[in-house]
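Chain naming follows the written order as A, B, C and D, and within any one chain the residues start at number 1.
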């Protein structure tokens, strides 16, 4: 019955008169001084952002908060309609769909960028041949029969307006580096090979900017998860005030079982 | 098969070249200009906060991000240990426990404050007898056999330091109004009747400050849900880097099944 | 740092060469001998059912497995469409909506029946005045402004066919007792007062039969949760083979944002 | 705004006086006649099982119901401790951890067996060289740096007793075919190469038996998900009656933050 491994957390601890998070005293160093977005940066990176990092990080996180009636939003609304006493579970259920299809493509893009980038002393090699790296990424994806994440958009054509907006913010605050260049080169190369215009979309832009901020690709999906939780609370509220879940259910059920019913 | 009710959302919509959230153009009005906390305020209230509202709202949201190894954090860590490919579900599962016992007490406190406060022209009546209102709240809770939410703390004694910190921030930015007075009066009255020192805790302080910001009590739990999603992502990361879930499981299983096993 | 309370489970434990669940050896006593429904009964009651209990318990559990395109089924399908690699989370998300509105009414009905029934030596008093008890239940619900759970149905008119089917099964196997009588009396009394035909529905029938089986009302919702998990797996499969979630999302989004768009 | 694709479900539909599931009338064909396990088989395969299929399918499903204080069970117990009003979300949260690490290995084993087996007229080729197929599976897993799923056990040594028990049930009822032979050959071959005794475990046995039943590997995880939902309801009940979640949380938090605290 002996404890065999040490269980250890370094995130937070408290005493009778203080709470410490990531080495900062909550009451003295955080409350009233650190915004929610900067707190998220602290949670992900173990330090507060610089003012310029703050603007850029908040921009990518904000971009992920609200995408309207996504599958996740519909899940949250259907769930609150059955369990209005459990808002937390409605949001939790909504998050469960942020997998490989939606938020995962952001993670994939960040992973491809980071795995391709040659590093020198912990920083991207300034001599890196961006065009060659982009070609390699596209080659490997195509050889694997996989799509190239972070490019094109089924609604926003010819370009997802969030991508240039995010890149402009990054540029303005000093984060216009090799990952953004590589992401755009990947989009251009993939478009060239497929004979389509497939510019970098919001997903790809967020991935590239997250790389510029030094965030490891393994946590990029987490930015989407935390941001979307905010948006899903807004959908809880709207569903409570102006519901649509039940009508949706009735409509879909009627349409999807129509083949069983005799024509009127 | 006719649609019988109108389904309508007013949160967000998009065209080929724009995305609109709560009436603001995401690329022109939001990205790079609105922080994550202010975006959350927009999502909850349909408008951006004033600078003073921003500081106070961010303070209460930030206060809810990270509480260390809570049951929710353990849930997230146990879940990621079994499904490392589904970070979103690990965070979603962690949110599911933010019910009546933990985050619910914040909602309860806000509800009691708002239901007790007499209103004049949509604002708290400046003539309100705070002491009498506090007595009424304590009376009703005790008559119902219910505890008074938002007071006392099992660890932080004699006082939860976050409560005075949040009240100071509210005061400094012009939000030191009747709800905070009422919450403190409730704590004093409950303590007097029970013969204990039961000052307002973080939960009660957040509830009272949320009331001062004009947030309806029905959405107060949502602040906790969105904030905690941020913290749970940090626990995903720590679990991936320095796991404790499996050791916890082994330890607890051994302890809880010890009565079945013969003494060595 | 001392352990202050004993953690103890009596559900299951194992040694290097055996697994024991509820006192039964899994390999010797359960596998190949106990069906899934009887295993559920064992898990809920700590003993295996008699053959007659088995038929009746399986009937109510089976009745809860599949209700078509419910909100829960839509949630599961929307979730798997975004995270096809996490079937378990899609089912988990679907369960989250089985709250007060849907499955909760079954729990409410069972609770009302059990709280009203006078007991003698641990069994319902055979002298109980069923009509008077029914009147009391309806009185209390109406006084509280609450609906009477377990009666009427928005689709199945004049009667939900599952209710008489379940009652016939209970009768045939010796479980036609006072709870079923009380449930039907409640339906009749509520219908009389409201001037409508509101016969006991499947929810009310399951609740009453669960009471006849001696299941405490606190676990009645659990029968619905476990049964629906089975049905939700079937919806995962159909969604993977013949998807509808994305089309549903597109359709609903178009309809719900139509007011933003200029007429063509 | 036109509907572009047909949404269609073939699982269930209802009229005012009937409910149909998978072509069977619920009241006439299912209730009182079909057990919960057979209903699960119907949901997964679109037909009721034969008596022998029923025994074998129920055995593998039952085997997955209860594994004691697993991470999933702890998740459910921690969640119900914070949200006792939302049992459904506690079970849903518990399911979320049934991913690649635990239940996923069962899916992996079934997939490897099905992908390796040569088929003739929709059935396993009776001429198949089982030893060669097993060698190929082990080769491919080792070449990919992946473990071989379904073999060995960290507690049950030298053999997981459920595996021979399940194989005996399959044999007794006519399901002792090439997939079981292949699974055992894989275990033998992997053990030979690694110089260890690594017999087929419960996971591997369930996977092989599921293959013998003709279940596609894509739904094998679903058997685990539905079965475990039953077990998690039992953990909800025990947690409500004899809680351990809070003590676990306190213990783990103390142990994991001990390094922050000065020695007494």
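Quick note on the criterion: contacts are C-beta pairs under 8 Å (C-beta built on N, C-alpha and C of every residue); 3 or more make two chains touch, one makes a residue touch a chain.
Keep in mind the model is a prediction, meaning the values are calculated, not measured.
K.L.:
Taking CA centroids for every chain, report which one is farthest away from subunit B.
P.N.:
D
K.L.:
Averaging over Cα atoms per chain, report the distance between subunit A and subunit B in Å.
P.N.:
Going by mean C-alpha positions, subunit A sits 23 Å from subunit B.
K.L.:
Provide the C-alpha centroid distance between subunit A and subunit D, rounded to the nearest whole angstrom.
P.N.:
Computed from C-alpha means, the inter-chain centre distance equals 31 Å.
K.L.:
With chain centres defined as C-alpha means, what is the inter-centre distance between subunit A and subunit C in Å?
P.N.:
37
K.L.:
By the touch rule stated above, which residues of subunit D touch at least two different other chains?
P.N.:
Those would be 3, 7-9, 13, 68-69, 83, 85-86, 88-89, 92-94, 96-99, 244, 248, 251-252, 255-257.
K.L.:
How is the touch graph of the chains shaped: line, ring, star, complete or other?
P.N.:
Drawn as a graph, the chains make a fully connected set, so complete.
K.L.:
Where on subunit D does subunit A make contact in their complex?
P.N.:
Of all residues in subunit D, those touching subunit A are 3, 7-9, 13, 20, 83, 85-86, 88-89, 92-93, 96, 252, 255-257, 259-261.
K.L.:
Which residues of subunit D touch subunit C in their complex?
P.N.:
On the subunit D side, the touching residues are 1, 3-14, 16-19, 21-22, 26-27, 30-32, 34-40, 43-44, 54-55, 58-59, 61-63, 65-69, 86-89, 91-99, 103, 155-157, 159, 161-162, 165-166, 168-169, 172, 218-219, 221-227, 229-231, 233-238, 240, 242, 244, 247-248, 250-251, 254-255, 258.
K.L.:
Along subunit B, where are the residues that touch subunit D in the complex?
P.N.:
68-72, 74-75, 78-86, 89-90, 92-94, 96-102, 104, 244-246, 248-249, 251-253, 256-257
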